[in-house]
Every structure is written in C-alpha cells, then in structure tokens.
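If you scroll down you'll find the structure; I have some questions about it.
Naming follows writing order (A, B, C and D), and every chain is counted from residue 1.
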C-alpha cells in the first residue's frame, strides 16, 4: 500500500505541499498513521504540470525521507497541479518503472491499494489491454496495468466511466479466478485541467481518502494559517491521509464515491463499477 | 547489444575472469572492439554456482567499470561456473530486472543481440509463454521473454531443441509482422553442470562468439601463462569477444552453431531453428 | 542510529543470520523495538571473512528489507565471521561510502550511535587522524572518522586500548567545544580472528547490546532449536537488539564494558576511555 | 576528466541545451572527441536558476545517456542560466556528493580537470579551507575542495581574484609536495547574474574551452538555425567541447585566460594565479 496527495489550485512550490505541513507526505513515508504499513519506503514519485506539453515526472527508488534530489526539485519547481506518491511495495520490484504517478500523454495516474492475487490474474488483465497500448507498459505493477485498462476503456474521453469499467473488469476477472475481493483502491488521475479521485474496494471497506474544505471556509475557520490566505478560492488538496490535524479542514470521501476537482464547481458522486460489454477484446483462452 | 563471458572449470575467483585479463570484460564495458557499441554501461550482472540450491545472481544498474560492490564481490567469491554480462540497452529501461543473467530455478540465461521490432512482436511472444511461467517475467527486455519462450519449449529437458524451437517461433512471429531479420543472438545457458552457447541470426551474420582452446594445448602454446598451469583440463571460457590477444587461444564458434561444455567431451553442432508445431499455445488474435 | 549484528562460529549462510530468525535484523530495518528510530532504511552493509586476504564487503543505499541483491548474496555466501549493519542516518548523506561496516586491510568496524555536534568537532577529529591514513577516509560519517582515530591509536595492535584512547579523545575534544555528552556508541570490530564489541556513552546511558549464551547451555535450554544443535560450541552472536524472544538466550553487555569473542575463552571487561597523551598530533589551531 | 556546459541568456528548456544539438553534451557522455576519456559515465549534474533563492541542483550517479529522470527534468524545466556537467571519475567514488555542479548559497561551481596527486595534497588543501566552511564539504573530490578554497579566498566578493588565489595555493602546495604540474582545469562559476569561466593548467596545456559567438553575428552567419533567431542578443554558451560543427560559431578561450558573461559587455582577460599572502590559515604541520 502507499500514500498519495493531489493538489490543484494556485501555483505553489512542491515543497510547500510535501515537506512543510505537519504530518506531511514525507513525514508519512516514515510514520504513516492510517496506511496499511507505517513505512512507505519503496520508492516515490512526483508529477506536475507546467513547462512542456506533457506533465513532468520524477521517480526514485530511494526512500523519500532522505532523497536529496527530491528535496531540491521540490524547492525549485512550482506548479498549479501536483501529484505525489510514496510507495510500500506489495511485492513487485522497487524500480523506477514501478513508481507512481504513471504518465501517458497528458495523463497522470496514481493508486493506493492492490489488485489481489495479481500473479493469478495478471495475464488475463494484460490481455484485455488494447494491443496498441500494450507496448507502452514499462513496469510490473498492478497499478500500471490498472491504468492501461482504464486507458483502453476510454479514460481520455470519460474518466469516471472508464475507471468504473476497468474496476468492473478487474472484479469480474478476479472472481472468475476465485479471488474473494479482487480490488482495493484509491486512485487519482488528471489531464492537467481536472483531477478525478476515486475510492472503492470490492469488500466496501476502502482505504481512507480525504479532500480539503473550500478555501473561503478555511479562511474563516483558520485565519492563523498564512498559506490559506494567499491561495485562490479554487485550490484543493486530496490526500490518502490528512496532513495537519485541524478541525474542519478535512472531509472524508464517502465509500464507493469519486470526486472531481476543476475550474468551476467541484463534484462528488457515487462510483458504480460495471464490467464493459464485449466490445473489449477479452482473452480468448479464459 | 552487450558483451558476455561464461566460464566452466576449476574453481576461480570471479575477479580472475572479469578484471584480470588484458582486454577483460570490465575493460570491454568501456572499450569494446567487436561489439555493436563501444560502451556497455547500461547495467551488468554476474551469476555463479556454489553455495545454495540455485545459482547466485548479482545485478546492478551502475556501469561495471566503476562499481565498488562488483569489484568486492568478484574478489571474494570463488566458483567453478560463472556467467558475466555487461549491457548496452537497445531501448528498454536500465533496471535490475532487465540485467542478465536471468535465473529460473537452477538455470541461468544471458543474451547478446536483439529481437528486432520488439515493440511490435512483444505481445504475441509473451502470449506464447506458458501461462504458469508468465507471472515470473519480472523485467521488460526481449532477452527475458526469449528465456521464457525457451523454458516454455522445454529448455530444462533438451536445451538445444528448446532454443531452436524458441528461435523458430521468434523468426515466424517476426516475419508475420513484416520484420525482415527477426533475431540476432549469441546466447549462453546453464543448469550448473553443462553450459550451452548458441550463435545465430536470421540474416546469418551473427555477433561474434569464441571459445578457448583446450587446456592441455594452451599449456603447450603458452607455458608463460601461470593461471593456465593450475586449471583443470576441462576448464573453458566462452566469450563474445576475445580477452587476451594470444595466438592459438581463441576459436570462433561457426555461424549457426552451438557448443556444449560439460564434464567429458565438449561438442560443437549446427543450430537449426524451427518453429514448434501447434502444441504451443499461440496467440489467437493473430 | 542503527542496528547491527556480529557473528563468529561455525560457517553459516548469511541469510540464516539476517533473514531467518524471528525479529531478524532485516525485520528490525522496518520495525526496530529498541532503536532510537523504528525505521533503519538509510542503507546497509555486510562484511564477511572467507575467500581472499581481506574481508568481503557489500554496501547498498537501498533499504535492506527490499534489496534483491542482499537477499541473493545472503543466500549464496557462507562464512564463519559476519558483520551486518542497517543504518538510520543522523544527518550525513545516504551513500555507499557512508555505509558500515568500514574496512581497512583485515579489519572491519561498525558503529551504532553518534558523535554529537559532529559538524562542530569534525575538523579537530579529522586533524587527529594520522596523515598517512587520512587519504583513505572515503565517506563523511562520524563513524568512519571514529574508526580512523582508532586506527591512528593502534587498533591493529591493541583494540581495547585503541578504542579507549579514541573515545577519550572524542570526549575531550567534544567537551572543549562545549558538547555535554560527546559520544554514544556500541561498536564492533574484528581482524577476522577475534571480535571486540564495546558499549559506552559519555552520559553512561548507552544503546543496548546483547550477546548470546554459550552453545552448550543453549542446547540444554532449547533442544527445539535445530540450528543450535549443529553449531560449534564456540559460536556466538552479538546484537544491538535481541533476535528471537527466547528465555535464557540473550545477555546484556553491561554499561561501559566490552567483550571479546575468539577461539578459546571469551571475555567481558570494563571499558575506561582516556585521551591519549600528546604523542598524537592534535590540531594546533584549537 | 569531464565535459561541461554553461548557458546564460533567454530562458530555454534544459533539453534544448543538453539533448537537442548535434554532438550534444549527452552525446559527448558516450562519444567525447576532445576529452581525456571518450566515455563520461560516472555521474552527472545540472544546476539552474529560477524558482527559489538558491539555484536548483540535480545530481545522479547513473550515466547521463540513459537517465530517465534527467530526460524528464530537462524537458520540463526552463531557465535563463544553466550549468550541466558529465563526469569521468579520476578515482574518487561515484556518488551524488561527488557530482558537479557544487552549490553554496547562490553559487554554482563545476570543474573539468584534476588536482594531481590529490591523495598527497588533500590534507593540506583541506586545512586551508576556512574552518567555518569546512563542515559543508560533503563529498571527496578534488573539485569540491577547490571550490571551498575559492570560497575561503572570497569567491563571493571577487571571483577572478579568488580563483587566482586558490589556484596559486594549489600550485604552491602541490610543488611543496613534489608534484610537477599540480593543476589542470577549466572551471565555471556563477552567482545567478554573471558566469565566470577559467582555463588554466600548471603546464600551460589546458583542457579545451570554447564560447559561442555573439547572437547578432550568429544570425548573420546561420540564418538557417531557428533557435538562434529567437534568443536574446546577450545569450551565450561556454562549453568544454563544441556542440555543433558550424563555421564561425565557436571561439576558443585562450590559454591562461578567463571570461565573464553578464548583462552588458562580456569580457576576456588573462588569468594569473598567485598564492594568497599569509592572511589565510595555512596548515601548520607543513
């Protein structure tokens, strides 16, 4: 399992997101309180939108708490849309190609959770990935295969529907292999304009997920927080674990739900996985 | 492309094989003369038989010429059967899971060369891997998929037949995708008792491969070489590029041939790839 | 702070020492109970005597719990004298040259603890290192400077006296800089024949240190432990934290003491630091 | 020895400097033509001014030609003042703290060349570093000690005078130790506003160094080069080896000279090393 953070709003230095707050993501890499593991030391990654057509990505296999490059980059890169992820491997090797966030074109993707019995179901899941996308899979994690299933199922056109279809397919293939609860997940994805965040698990006991209260309310509640005074009203954080312990700041994303953060109205809706109908190439050998 | 070395014989320190000789493998990592690239700096690996049921393996993504751990391990490990490989990536990421030699149970495998247009044919090749072996693929190289095809085609029972079948399959699937010369290779594999070394390419212009003259002859030819005096008569080196420039020491493995090094008689035979008949699960979608 | 283990006795595979036992050293890298930190993920090292004049050393900056090379080497190297160390950095960079055990000729050295306010006293300590040894310092830790002070003060001739002198010097130079408690330490060192283990701190509240009960007693106490039945009677473990929770197995090294493990009688004696007299070159500028 | 590049001018993406040009710095990491070694694969670094008070720095020990993070950062960071350096180690370990450019506050520093017999003279040189700066030395290279000598000798006030004094000191201490030609160097340093570049060696046969012709002339000479049309007139590159082979583009910095690139007039002057008078703390033991 892992910990992650997604930010959208006024341009900020990445260090203000991942190092500065009490119980920051980097602090969580050593002392997570809500994660399945207390230590998340099996690599990390950041993704950000700014210079260039695609988002920038930096992956490393060193523990985040002591990585000098991460500290330096975080202090010298500013962005209005940032993903950060710290990993606790559930088995696959610790290597850069297994670090989140994953990127495809303009899209970023990160995942906390697990596709259960991945060794059993991996071949069938990979077979369901569009053959034209297949060669772009670089690592060996469940999370990246999950991303490529969502891309196969039109993530770029309708993210919620694509993730619902991918999760439906994972649930279906898992159950066909006798896996009781095939998936456990919180997921964030973005195209650089909106951020979608999903919370779901087959057993309906999903990893924690929180989003920050809107900035105008935060200003009323916490006039002592300087940083909040300068952020735009649209700024939002979504986190797998609250950063500061402040009353009124963090709202839980409800079980089996997803949220959208974008310019204009944000949104929170039910998440209803359903396997795609047969237009998807499913493995013939099954 | 890459450079490699396989040794079988009297127990030696690994450093005597890879650091000591003039134009040693480590020297070749910086200044290869016969390789497709002069620099082979994209990771390396060693494998050796000794303590334990399986062979030991050490992989690193640092260039071999400056790796302190390699130097230390090579000076402190002794073995009668050693594989060493330095990598020049033909595209796939530099990570430990992409370093040779690959291991499966008692077996080691290393490859110099390329499956051409691997992005195009990878999915079909991977589909031909036995589903029970599929989850053990850890990296993303052509060479590892090649190993798993050979394992699927009974490498452990009849290595030459399995490699001929795997290469036949790669040739066939490649041509079906319009690849003119699907494979270029020298390969070494071992079960800890014998070493098999193969030289082949679809275009019949294969990477170089050499084996050392038998030890009694070497003693006569080069009484000045101390190390040769103490080696057992069965000791042999197989290399992608000669180590020392000594008359009479190196014999070229002929085009489209393979050799076996083992206790008793060594052997050199023609290599005749042929795709397996349909008992192998081939991808239905093709 | 860190965790470490020293073994001397019948040849064993390193994995039997660092992976197998309950609450093994590798387990302690994630979940230390007695350490100053629960996570020791800032690099690790092993040292062992066997093939070659000097001991072998393997250092890595990845966390030990997930390092594939460590797992492989530990399974394929056997030795009668093994050091293993997992690091939690107290500030200096995570790099191989800062990983324990340090080596000089036949000698290994590892340290758990800290030279306090090292930034303040480093220059004076380094100046006290013999100029002929100075160029061999490769990293930037307090622990390595401590090793070189001990070497300067004749570690190779009389280890207890050299460590007492080095600690006396550190105490003296620290106090001259206004440091209240200049040193906190457990240290192990070996020449390949004996192992010396020291426990001391300026404030007399030293990090924990334990040694295993003699093998004949262990056999009587725990006939169920298979491994103990096959070990030689001289075999011993010294650890910063007990491995298994078994009654009668672990004895605490008393405060301000050191032990010697060697062929014949082991020994436990008081440790009495005292700064060397002026034969040592001390920094003139102080 | 190494290869480096310094850029000052219109903000550009770092990839346009180090990947795009023919015979780019990254290409030189594999195939240097003028360097002492053809391969510069022992780590690299980039430094840039932009977001934040200090320059950003990214160091890595992987070879530059295959580093995925470098490629990504170079594509997503834009800056008006960039340093880039690829290293071929002359002996000291390959680790991030030994990668150039080195940073101190607002200052960057990189070096191609060597302080000869560094093992012999290191202690005396380090003793000449201001004790308040001494604890900030993090690595073990001659280049970083050289930087700290220059800082000790007022680099921040008068860069040319400080470098002349540091080189004078190195020459003097080296000769006292019997070193015939104590230093070989090209050096670049910057405070974020100006760039100073030095070319010197004790034997007056210094490593190559080139600066680009002024932009208006370049536009006249090479109207076909698109990038030149959009650069500001003040933009300049200084390189250890020319990037493109274009007539009229590259001017050699003369032997024993230094140049300044800044807003307004650039400048080229003689470089005259002279050891500092005794106000500097020199090692008493010498």
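Throughout what follows, contacts are C-beta pairs under 8 Å (C-beta built on N, C-alpha and C of every residue); 3 or more make two chains touch, one makes a residue touch a chain.
Quick caveat, the model's predicted, so the values are computed rather than measured.
The chains that touch chain C as well as chain D are A, B.
Looking at A-D and B-D, the interface holding more C-beta pairs in contact is that of A-D.
Chain B and chain D have Cα centroids lying 41 Å from one another. Shared interface positions of chain B, defined as residues touching 2 or more other chains, are 68, 93, 96. By the touch rule above, chain D contacts chain B in their complex via residues 30, 38-39, 41-42, 61-63, 65-66, 68, 89, 93-94. Across the complex, chain D meets chain A through its residues 13, 48, 50-52, 54-60, 68-69, 72-73, 75-78, 96. The part of chain B that touches chain A in the complex is made up of residues 93, 95-97, 119-120, 122-123, 126-127, 131, 134-135, 137-140, 281, 284-285.
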